[in-house]
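First subunit A sits with subunit B, and in the next complex the same chain sits with subunit C.
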Partner chain A sequence: MTFVYLIVFGFAATAALGLVTSWIDRKVTARVQYRVGPPFLQPFIDIVKLLGKETVIPAGASRGTFLMAPVIGLAGVVAAATLFWVNQFFEGGFMGDWIVAIYLLTVPSLSIILGGFASRNPLASLGASREMKLVMAYELPFILATLVPVIWAGDLSISGIIENQSDGITAGHLSGIIALIVALLCVQAKLALVPFDIPEAETEIVEGPLVEYSGPGLAVFRLMKNMLLFTLPFFLIILFFGGMRLNGINILWTLLEYVGIVALITVIRNTNPRVRIDQAVRFFWGPMTVLATAAVVLALNGI
Partner chain B sequence: MGRTIIPIGPYHPLQEEPELFTLTVEGETVVDIDVRIGYNHRGIEKLSEMKTFENSTFVVERICGICSTSHPFAYTRAVEDVFPMEVPIRAKYIRTIIAEGERIHSHLLWLGLAGHFLGYNTVYMWAWKLREEILDVMEILSGNRNNYAMFKPGGVRRDIKPEDIPICIRKIESILPTLDMLKKAVLDDPVLHARLKGVGVMTYQEAIDFSALGPTSRASGVARDVRKDSPYGAYQEMEWDMIVTSNGDVFDKAVVRILEMFESAKIMRFCLEHLPGGEIDANIKDVPPGEGIGHIEAPRGETFHYVKSDGTNRPVRHKVRAPTFMNLPTYKATVQGETISDATIILAAIDPCYCCTERIAVKDTGGRILYGGKDLIQLSREKTDRIKRRMGVR
Partner chain C sequence: MSLKLKALLKSPWVFHLSTGSCNNCDIETLDCLTPRFDIERFGMLLAGSIKHADVLLVTGSGNRMSVERLKALWEQVPKPCLVVAIGTCAASRGIFKDSYNCPQPLDQIIPVDVYIPGCPPKPEAIIAGVVKLIERVGGSQ
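Showing the complex of A and B:
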């Protein structure tokens, strides 16, 4: 059964949905920019094509770490996604798996840092150090924001959070809305999308940590990012909208919530320039942390 | 703190031309910058000296794909400066129309690229879509989207057909609302303010010291524009404003360029509406011995051409100075002390054009540069001394 959970749902379903989401993101972006956009299968073709390319390991790079980094990142996403799938549809889960989920969701960022530093490239290490600063910047408000549903549920398990929302979603409260906004912006940074694509900043440091990656390594990193593009909105839906409900009219609601979150992420990334790392850190530690703390206080007071 | 060298180029994906910036950084702060160009040297001046006056126009047109009117404009003015002659007024108007069209499309191109450098790809795509409209106008007027081949010493090659004028005016007017929206989108965006204001500041004094040109200097409060200072073409025939701002940061450079597009549209419209009749070509037969200079305001600043004639049908010396040549050294003032994140947009803010600038590259067979700056100054001084001796000045 573990196999089914991990491979069929955690990996295959997440990857498929992630690639579809990535297509939606690319297509919407293209339409906003007066372009036609890629065909439906393009994200999938990209991954397959990259898998067939040669892997070049830079001279002087730490070989093992360099090759392991993408796999570690992918494993983190698969584990996190499995946790959500199991909690959502199989009534699995365990006490305190919210903490595990938060932990697992940082693994992709850590793997990028690892890969960047292992490449032995000045641009890659610069990107990795930026990613490190960014992780430290957004983790605090992200944890605070995701704490709000936990407070409402009075339960540290994801299944508990979902169950508690059957008679009123978190986003129905003022504290929930504030926390949702904060969490959305943190997700934007977690996905390293504009305005927080600072670690990868193509026009400054040429994709940063990924600069030395080619072939399957790059493919796995791309796949990881696409899967995150599904997993993080999924997590937000679980926390703030009571999870994915696939009965009757609720299918439509779930779909709307999901597409809405993805569209919002896409719109934010298309209507903003990239900020500087110091501005991003100030943004997350300043207004975002204050807002998230306020949301936590409001939630504790039942507002 | 340890210093790292971050190379930008020669194969950098963000700029379409080969160039190498060597940024010396401490952490994220740039402490020194070195610029190296010369990857794209094509020997234009020598080529031009091997062609007739008429044919050289096409050679200089290919110095740069964006300034494909500025160089012929300056060159033809240099040739016309060799001997007393007057260009027909209709030709002057047509030249002005083409030059301003080029300014609009060049500034739009820069605006798009600046957006791209900041990761703001929507502005990139929108600006370039808008640019298509102005390229259409140029195609109607000259038959080409770029490299218009409109100029010849003594006039222009093609006339503007009366039936095309209303279409062009309508097209120019149709881009103004979109341009206005783009202007608001760029100038009112708080995140853009945060990114661009106070970044890469060049003070008034620095602009003077570095002899910065064009929008780069006008953003620092230096009211310098060849179109106003030494009017040519039809620029003195109408009212238009020179856009000057005072902060000297990247934001102001963008403001200057965006507002200049509106002025250019105004000039283009006036010229199209008031196009005088008459000849379009003075039909120059021979160029007598002598020398002439021509300078015009290209989108990036003053473009300068020098032509020397010995009475044959080809120039014996042709010297080109592009605006980027003067604007490149301002990096010393603007980039140092900024972060790498800001460096890219500051480097782009002068709207650099390296292929315009590349005039000399001295190499030995090993690819090592033989002459440094000091050697070249020494060579130049020796040459000046030689000429002075020959002329009996000293």
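Showing the complex of A and C:
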């Protein structure tokens, strides 16, 4: 059964939905820029094409780490997605899996850092070191913001958080709304999208840590990012909107929440310039941490 | 046609390489990425790194300094890779045919798949050339 959960839901369903989400992202971007945009199957074709290309390993690179990094990242996102699917639809999960989820969602960023440092390219190392600073910046407010639903539910397990929202969602409270805003901005940084695409800044350090990756390695990294584009909004829906409900009219409501979050992320990424790394760190450790702390205090007082 | 090539033709990521052009061809190439022409319709993206590229868009007459870089990049690009020569200079060296600085035409250095003449070629001509290349490679298999 674990195998079915991991392969069918954790990998296949997440990958399919992630690729569709990536198409929505690219199409909305195109429409914002008054373009037509790519066809529906484009993200899928990109992955298939990259799998068929040659793998070039740069001279002097740490071969094993360079090839293992994408697999580690994919494993992390598959494990996190499996945890959410199981908690949402199969009444699985265990005590304290919220903590495990937070850990697993950091693994993709760590794999990018590993891959960047292993590829022996100055641009990749620069991107990896920026990614490292960004992870340290957004993790604190992200954990504080996701603590608010835990306080409301009084339970550390994800299934407990979903159950306790059946009579009122977290985003219905003032502290929930503040935490949701902070979590959304942290998700933007977790996905490395503009204005926090500092590690991958295409115009200055050409894709950063991914600069030396070609063929299957790049395909796995792209797939990982696309799956993360589904997994993180899924996590937000579980925490703040009481999970995905698929009975009756609720299916429309769930779809609206999901597409709304994705569209919001895309619009933020299309209407903002990139910030510098010091500005990003100041932003997350300053206003975002203060807001998240305020939300935690409000939640503890029942507001 | 193999799945590998089929997918390549549906999502050719282009890498833009200037080997000593006067920049007019480069400006026209970048024009193709603007909303008016929007080559993302065909799944094309501008790749920042040579390791991500499927199609090399080469402009310029290939002078002594840049030919070395061109060879290095051709060795680094993951195969299969297609090459498009944009502009008269890349196609036949143009007015620099007898120049001391342009010893060889591009197609004697790396294999070229399609030539797009013009000084500079219009964005429409570049897109038409790439579409013809896709048709030819797809049809010849």
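In this text, the second predicted complex is superposed on the first by the 303 of 303 C-alpha atoms of A that agree within 3 Å, B and C clash if a C-alpha of one lies under 4 Å from a C-alpha of the other, contacts with A are read in each partner's own complex, and residues count from 1 in each chain.
Quick note on the criterion: a contact is a pair of C-beta atoms (placed from the backbone, for glycine too) under 8 Å apart; a residue touches a chain by one contact, two chains touch by 3 or more.
What you see is a predicted model; the values in this text were computed from it and never measured.
Participant: In the superposed arrangement, which partner chain does A:166 touch: subunit B (first), subunit C (second), both, or neither?
Facilitator: A:166: touches no partner chain.
Participant: Contacts for A:34 in the overlay, against subunit B (first) and subunit C (second): which applies, first, second, both or neither?
Facilitator: A:34 contacts both subunit B and subunit C.
Participant: A:218 in the overlay: touching subunit B, subunit C, both, or neither? Say first, second, both or neither.
Facilitator: second
Participant: Is A:273 touching the first partner subunit B, the second partner subunit C, both, or neither of them?
Facilitator: The answer is first: A:273 touches subunit B but not subunit C.
Participant: Which holds for A:49: it touches subunit B only (first), subunit C only (second), both, or neither?
Facilitator: A:49 sits against subunit C, while subunit B stays out of touch.
Participant: State whether A:126 touches subunit B only (first), subunit C only (second), both chains, or neither.
Facilitator: Touch status of A:126: first partner only.
Participant: First (subunit B), second (subunit C), both or neither: which does A:206 touch?
Facilitator: Both partners, subunit B and subunit C.
Participant: Using the touch definition from the top, say if A:195 reaches subunit B (first), subunit C (second), both or neither.
Facilitator: So A:195 only meets subunit B here.
Participant: Determine where on subunit A the residues touched by subunit B overlap those touched by subunit C, and list them.
Facilitator: 33-35, 202, 206
Participant: Could you please specify the touching residues of subunit A with respect to subunit B in the complex?
Facilitator: By the definition above, subunit A touches subunit B via 29, 32-35, 122-123, 126, 194-195, 197-198, 201-206, 270-279.
Participant: Report the residues of subunit C in contact with subunit A in the complex, numbered from low to high.
Facilitator: 3-4, 7-8, 10-11, 35, 38, 40-41, 43, 48-49, 51-52, 54, 76, 78-80
Participant: Contact residues on subunit A for subunit C in the complex?
Facilitator: Within the complex, subunit A touches subunit C at residues 26, 30, 33-39, 42, 45-46, 48-49, 52-56, 202, 206-207, 210-215, 218.
Participant: So in the complex, which bits of subunit B are touching subunit A?
Facilitator: It is residues 4-6, 12-14, 28, 115-126, 129, 189, 191-192, 194-195, 339-344 of subunit B that touch subunit A.
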